[in-house]
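Each chain carries a letter (A, B, C and D) given by its place in the written order, and its residues are counted from 1.
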Amino acid sequence: MAGASTVPQGTRDAAPPGPVENDAAQRIEPPKLHPLLRFILIRIGISILLIWGVTVVTFLLTNLVPTDPVAAILGDRAAADPEIVAQTREKLGLDQPLIVQYFTYLSNLLHGDLGVSNQTRTPVLESIGQVFPASIELGIGAILISVVVGLLLGLLSALRQNTIVDHAIRTLSLIGISAPTFWIATVAYFVFFFKLRVVPGAGRLDPWITPPPKATGLYTVDALFSGQMATFTNALGHLVLPSCVLALFTIGLLTRFSRSSVLDIIRFDYVTAAKAKGLPTRTVVFKYIFRGALVPIITVVGLAFGSLLSGAVLTETVFAWNGLGQYAYRGATTLDLPVIMGVGLVIGIVYILVNFIVDLIYGFVDPRVRVR
Amino acid sequence: MSMISINGLNLSVTTGKTTAHILKDVSFDLEAGRITGVAGASGSGKTQTGLAIMGLSPAGAELSGSIDFDGVELVGMPAKQHNRLRGVQLSMVFQDPASAFHPMLTVGDQITDHLRHHQKMPKKKALAKAVDILGRTKVPHPDEAIHKYPHQFSGGQLQRIAFASAIICDPKVLIADEPTTALDVTVQAGILRLLRELCDDLDLAVLLVTHDFGVLSSVADTIVVMQNGVVVETGDRETVITAPEHEYTRSLIESLPGAEVAR
Amino acid sequence: MSIGSPKHPATGSTRTEAATGDPLGPVVKRWQFRFPKSLRTPLGFVGAAILVIWLILAIFAPLVAPFDPLAQDFPRLTGPGAENILGTDTLGRDVFSRIVVAARTTLPAAVFVVICSALLGSVLGAIAGYFGRAVDEIIMRIADLVFAFPTIILAMVIAAALGPGLKNAIIAILLVSWPSYARVTRSLVMTARSSEYVIAGRLLGFSAGRSLLREIAPNVISPVIVLATLDVGSAILTMAGLSFLSLGAVPPTPDWGAMISEGVSQFAAWWIAFFPGLCILTIVMAFNFIGDSLRDSLDPHTAQEVGETTS
Amino acid sequence: MTSTDDTPTEADEKHRSAETPLLALDSVSCEYKLDGGGRFRAVDGVSLQLGRSEVLGLVGESGCGKSTLAKLICGLEKPAGGQISFDGSPVRALGLKKRDTRLLGIQMVFQNPYASLNPRRRIRDQLEDALALDPSGRWSVESLLDAVDLPSDAAQRYSHSFSGGQRQRIAIARALAAGPKVLVGDEPIASLDAFLQARIARMMRDLAIKSGASMIFISHDLSVVRDIADRVAVMEAGRIVEVAPTDQIWDSPQHPYTTKLLAAIPQVDGKGIIPG
């Protein structure tokens, strides 16, 4: 009975600084930095360490492996002459102790010197600078497609768990991550260009169209800025097939991952609580379920970017897309070590930076990191 | 007249090829201004009874029988129609307050989104009402609380916020599923007192699901004892606790520590 | 009142949950072979079937292949037809024979590399996870360094430095793939190490080795097997990628990746690239189907550790 | 109630502390690092003694440090300060070493019955591991299972075929099999169905005392502790605020926090009185 309950003397846990919580506070030595600042500083530290580690890896691979750089530079005939070899070694600093060589290498890197291509004799960094925007354009196209499609398919699959839709999406995504991207590229190019003629041919633009004035190096963006709509449409048309092909693998990856994180979230009480408030399905799905699943998904987008970079190296050649990938492909097939190492270094650093940004987004999105 | 009248309610859940009968011929009433406590061991179907009223039975569930809510039949009601009752007339509070709130949304957002949806109330007005309601459920500094995130509150405070969210649309029925189980004993008393006050002041029909006879003895007006999906005993609080009729109820009460001393 | 007596009044509740005989169900046999049961899904079945076909093809390749895969006996670039059922390549070799013979190197190489990296990675991961501190830091920082590169990029850099060839490609893939095992095993071992049954064993005086081998290992091994199954697929893909970059098996050895590479410049002769790619697709798919079915049979938490990503 | 039959008088209490206690904690502290930086003092200068054949109840609310204290006693946490001694030997943090044989007399029953048994090993194997430590040979696998009311064919099974209450009884059997002198129960009944809690707690006390062991029973449930403990220690915010014989705690609590805890327990009397 209501009447039987005794008169409250102020509810204990509600009284603002309750005695128990006050004591608990005394037991905590507060962190010296704001958690978000600490989080960012740690991420920066880790990224710098990793980038340093990447330089060590590329240096060691260039210097410790059986392939003799001197022989590669000199060619067979000159390499047979010990005197020329010795001279070259000295010129390249190869007679120095390894640690000295590393610091020379590092200081060269810091001055933007990634070495010179054995084949073309052009500085590696310069060439990378020229082809980099093409890959960025392709990468952005592919990541946009794969994030949108992957997340939606994953969400759909999870919300329709164990239905025919779910099974179909799961099977397709498994097939998607099973196909070699460079093969899909070949087949897609053959079908859509060679047979059906629904997409434009290789390259970033039709050969008779001049590239837009260079600002960002991304043809679509530059064309828009300079108001050349015809060039823009053409560049966009050329972008469609390569980015879709490149996105295929990451779509599979993201679909599978977002499905499992959504299934994870659905089990939480707060989803039931949202339903118990009579909110429309749309709100429950997008405000509650999707937002919860987003945090783990964000981190995977960083990983997905890595597979995009790998995919680019293997597919750009097929589309004659003059980017980092095609540059790397040429370097690999001619065993041009400075080129390969340069590309490896640059991609490693880009990948680390992307993951750093992804971590920051994560930190800002999740209030448990952001708010003390 | 009863606010909710459950009559011959059956619930079976089919997963794959197996069908489990969760509720068998369950009947009892909820009355406005009274707390009906449902007791039972885990797996007795007490939680599923509450979820059935809310229309939130698990996937693969089949309901039969009747749940009459103020003249409206809830069993077999179309989902959309049920959705218009949820949060407005039927509301619910969960066991673990830490997991019943979305960690990435502010408290103010979460306790007003159904108010804004159902009553089309503008955000500003809704938040003002939220401050009001949080004060009523004795959450400290309500005007600051609405801008905070769930992890910034203790379990007891979050449960008070959950009660605020449950009553903000002036519901007629409140289902409290083990609302104090996750809390410390000193915090529990405050939450029970809040539940009693809300029930009396707002004339709520409360369904209190718990396995704790101490809780039932403190706040329940009527006690329903369930075992394996069957109601084995229904009666007023004092009778069920001091003179249980059914053997199962007796064994439950006798298994409590120090029960002899209490009598 | 007698304490702890089974005749305590609380029997009401114990009657439902206790105690004797039948409610426990049948006793489980000790070494039950569990995999076939978890493969009893449509995907698992399809995967197993495809894999069996490939195994048969690879084992009996010399009998299956109609011609010498290296012999340049035929007109160049003939489309699929009666004699050369999948056509001929730019040097007039039979595509079908080359495809079948290539399976004999790809399959064992992929399985070998996965077994090695699973062993290496999970042993390192278990050590890191169990002993923690400096050992953990060293092992996991090296792993992080590998993770700092996209897989194929690092494999490409290593393979290029070592020089082209199947052996070097295998070394490269081994070097880039062990860290995922290390990471998963470490995390599983850390969870197990702090779980109460392992602590109970430590309190009974188990040594670190005994607790790792007898208490933890049996609970970690199946997720590692699942990961390895999924990983055979990625190993085949990486190997094909390296061959595509001319960093895999050296010509004229038949190799799927290299065949696709050859086909890229021969669009009109689509069959040169199409069929080897189909081979890669089906066999990777088989391993992914099997791995996915196995993964679903793990408990949800462990399945999450195995993860969706093998980037 | 048996627990009150042999409740020590105050004189007994003094006498007992005069001889060397079985387990003694001397101003023990423990700190944790927090996730976002900062530190948390979980246990703050705790001194406590446990006599022979005694059941000590340790009560407090969540986060008060009672579980950390249990880990410290078992050597599973490294103390930031103070000493723990068991039967004359110092308790040192276990780390990665094999456990000191002199400390094998401290065994523990954990909170979560679903994690305390190895899912991949038979119950028999797990019990035999523990039996190997007890030279007296007073227990066998069968007699252990019988003592905790389980059929002897349970030995052949894996843990997944048992309910939570059954698993916890197996965990108790395993701890007893090692022939402990001190049995530490860290919230051993908290995950069980309410109607099983008192029964399992009484079973633990009964078996511990019968086999000549002492027990530290950690719980947030004061009424269960009252049922089975000889003495009760009340813990608040990392400190022990009051230690006294069980009846004394109930009848004349000295510390305001003890009073508050006791006042918050709802009575099962059907009178509709909200405690506190």
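We take it that a contact is a pair of C-beta atoms (placed from the backbone, for glycine too) under 8 Å apart; a residue touches a chain by one contact, two chains touch by 3 or more.
These numbers were taken from a predicted model, which means no experiment stands behind them.
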For this session: Using the touch rule from the top, work out which pair, A-D or C-D, shares more C-beta pairs.
Result: C-D
Seminar exercise, completed: In terms of mean CA position, the chain most removed from subunit C is B
Exercise. Subunit A to subunit D: how many Å between their CA centres?
Worked result: 51
Exercise. Roughly how far is subunit C from subunit D, going centre to centre by Cα mean, in whole Å?
Worked result: 45
Exercise. So how far apart, in whole Å, are subunit A and subunit B when each is placed at the average of its C-alpha atoms?
Worked result: 47
Exercise. So, what's the distance in Å between the C-alpha centres of subunit D and subunit B?
Worked result: 34
Exercise. Which subunit D residues touch at least two other chains?
Worked result: 1, 61, 193, 195-196, 198-199, 260, 264, 271-274, 276
Exercise. Where in subunit B do residues touch two or more other chains at once?
Worked result: 41, 186, 189-190, 193, 196, 218-219, 221, 251-252, 255
For this session: Please list all residues of subunit C that touch 2 or more other chains.
Result: 8, 10, 12-13, 17
Problem set entry | subunit A partner contacts - residues on subunit C that touch it in the complex | 43, 141, 144-145, 148-154, 156-158, 160-164, 233, 237, 240-241, 244-247, 257, 260-261, 263-264, 267, 270, 273-274, 276-277, 280-281, 284-285, 288-289, 292, 303-304, 308-309, 311
Problem set entry | subunit D to subunit A touching residues, read off their complex | 34, 36-42, 44, 61, 63, 236-238, 260, 264, 271-274, 276
Exercise. Which residues, counting only subunit D, touch subunit B once they are in their complex?
Worked result: 1, 61-62, 193-199, 201, 220-224, 226-227, 260-261, 264-276
Problem set entry | Sites on subunit A touched by subunit C in the complex | 50-51, 53-54, 57-58, 61-62, 65-67, 170-171, 174-175, 177-180, 182-184, 186-187, 189-190, 194, 253, 256-257, 260, 264, 300, 303-304, 306-307, 309-310, 313-314, 317-318, 328-329, 331-333, 335, 337, 340-341, 343-344, 347-348, 351-352
Exercise. Where on subunit B is subunit D touching in the complex?
Worked result: 41-42, 184-186, 188-190, 192-193, 196, 211-215, 217-221, 237-242, 251-253, 255-260, 262-263
